[in-house]
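Shared between the two complexes below is chain A, which has chain B as its partner in the first and chain C in the second.
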Partner chain A sequence: MNLEEFIKAFAEEFDETPADIFKADTKYRQLKEWSSLTALSIISMVDDQFDKTITGADIRSTETIEDLFNIVQAK
Partner chain B sequence: MAIASIKNVKIAGMAACVPERIEENRDYTLLPPDEIEKYIETTGVERRHCAIHDGSICTSDLCQKATEGLLEKLGWVKEEVDLIVFVSQTCDYRLPSTGIVLQDKMGFPKSTLAFDITLGCSGFVVGLGVAGNMVSTGNFKKCLLMVGNTQSEYANYKDKSMWFLLGDAGTVTALEYNPEEADKIDICYSTDGSGRKHVIVPDGGSRNPVSLKSFEEEAVGDGNFRTRLDEKMDGVEVFAAAITGVPKLYKQLLQEFNIDNEKMDYCLIHQASKVLFEKLRKKLKFPEEKTPMNLKDFGNTSGATIPLLMVCKLKEELESRPLEMVMAAVGVGFSIGTGRITTNKIKVCDLMYL
Partner chain C sequence: MYNPFSLEGRTILVTGASSGIGRGISIDCAKMGATVHLVARNEERLNETLSQMEGEGHIIHKVDLCSSDDIYNMIEVIPKLDGIILCAGIIKTMPVKNINEEAISEIFNTNIIGDIKLISRILRKRKLNHGCSVIFISSVSTFNVKVGNSLYSATKGAVNSFAKAMALEVSKQDIRVNCIQPGFVPSAILGCGAIEEDCFLKFYAERHPLGFGTPTDIANCCIYLLSDAARWVTGSIFTIDGGYTLQ
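This part shows the complex of A and B:
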């Protein structure tokens, strides 16, 4: 999965935030819809799509969607 | 490796008791209704049976009522019981052990061995291994394994990560030394204490004694507040640890004991939250109809969820036909257990209320 596909999969975990908001440099943890509940969805999505587990600490160490993508790739 | 294959033990019966009092999650006053619905959707919990936590109903009281009912149904007399194992994180006192309190309050003979195991959500699986191993030797003939929690006590009303989740319940499982009619009881364990910071009541033990500061409510992010005597749970970290740790230990169970998922009647998954339950169900590869769920009406009752699930959802089948089941639980610690058990027309009491 490349960055573009990751962003698309990332955006699909959100219900209220329009998909076109999500870009590589989006500071996703500042989105209004971001919460511990969406964090669970993202961890679950990464597990499904990559068979890798990211932790809460991983998420807190990132700012942008690309940061998170890089962490997933490095796992 | 922590693997237990327990011989000579028959699971004779089960019972469970919950507080009559109900907390409706939709009655929560600090969030608008649409926000509450989001929590309900994720946790799967609509209501929970909760004690008031003024000392009037403790975990031991729930276990006591369940046990009195089960003894009557089994026709066991108290003089025969030689082992009481009480598994909980909500004991009557810091000391003595609650199992010992129950020996006296319930009138078991002084020849009974009674002690506590302090564990949360993995409590039933671990307790079954500890008690099962003791009974397996024949040194102990009749055991009452009590697993329960009244952990809603630890949830701060202003902490949404806990408040919507925790319910109270007490359960009892009767084990007997019976080589002729022994059940299969096979269990795998794993322990990762590095997760302790993610699920913890920080103050009140010996490490952080209670002080005035323990009672101060602190903002902990996401608009949540709690004191250091309340339970902190980092649901995101628990989720991440569970979705890797449980499937791995389940795979070990399958390999170690040559278990075929297809031949299992049920897979009993710890009722942590709907989102984790569903994820584990898929990773353990079971269809919905083989994984009963009762989160909606009871919430997460910690170590009690698996026996409570059996009493609530499988009573008729447990009583009428032989069953072979696998189970998986993950909880505070982190402590994880996976297991396979059989039952053969056991005695199960209707769910009791106190």
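This part shows the complex of A and C:
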């Protein structure tokens, strides 16, 4: 998995936000659509597509998509 | 001394007996005089439960409730029962759009399909004594729903409906069937997945007027339902949640 693939998969978990909004430095938790439901979607997506388990605490410890990518990579 | 809740001389079977609510129920039913057959996948943890139990004659069965062979083999060797408590269960938290077939199979097999296979076969093999009490451990999540918990709620809703229909069918044999819907009882079921976190615990702590429950709070309801005191109780769903669903 590379950062680009991760950003694409990340963006696909959002229903309202246009895909081109998502960049490595996007502060995703500040997006209007962000909610506990999207957080659960991201956790499920990471489990499904990358076979890694991340937690809500991991998500809260990050600001950008790249931060989260680095956490997933380190798992 | 007058004690309508005694379980002396009763033989009961508990699934999910290796941890959490199932373990607590096994220990407390043994204290009330029951002989307990303990069912779960993990033999080591079943033995941990056994080591905490009073009395003699309790037996462990290493059984995977997702395996029909395991279930059927166990039923061949167990004696006739006076009570069954079905506690085995898992949680899978994911939004509806992230649900996959693997998750559906795993949670439905563990939380409801295994129970149905077990109960059906036990009835077929006539392993339930006259007056037997069957108890399903369901959940307040059948009506108090949370984001990401649709699969779990669906399995527990199925449990409630199954129990009611079964209660009607077996009433002629004086067999009683009831459900308990616990609120939040901290246990290992939460250890896997994204939900065991400080903010999660805080969220629930603030919403349980009587605080979190313990396995004994659920076990005491089981003892009542297993005993002669509940002779006239069947098809009922008991919410035991420290007031969680009041508001």
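Here is the rule we use: the second predicted complex is superposed on the first by the 75 of 75 C-alpha atoms of A that agree within 3 Å, B and C clash if a C-alpha of one lies under 4 Å from a C-alpha of the other, contacts with A are read in each partner's own complex, and residues count from 1 in each chain.
The definition used in the following text is that a residue touches a chain if its C-beta (ideal position, glycine included) is under 8 Å from a C-beta of that chain, and two chains touch if they have at least 3 such contacts.
Computed from a predicted structure; not experimentally measured.
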| item | value |
| --- | --- |
| Partner chain(s) touched by A:Ile65 [first = chain B, second = chain C, both, neither] | neither |
| Contacts of A:Met45 with chain B and chain C, given as first, second, both or neither | second |
| Contacts of A:Ile7 with chain B and chain C, given as first, second, both or neither | neither |
| Chain B versus chain C as contact partner of A:Thr55, first or second or both or neither | both |
| Which of chain B and chain C A:Leu37 touches, first, second, both or neither | both |
| Chain C-contacting residues of chain A that also contact chain B | 36-37, 40, 43-44, 54-57 |
| Complex contacts: residues of chain A adjacent to chain C | 36-37, 40-41, 43-45, 48, 54-57 |
| For the chain C and chain A complex, residues of the former touching the latter | 93-95, 97-98, 100, 147-148, 194-195, 197, 199-200 |
| Contact set on chain A toward chain B in their complex | 35-37, 39-40, 43-44, 47, 53-57, 59 |
| Chain B to chain A touching residues, read off their complex | 38-39, 42, 161, 222, 234-237, 239-241, 243-244, 275, 279 |
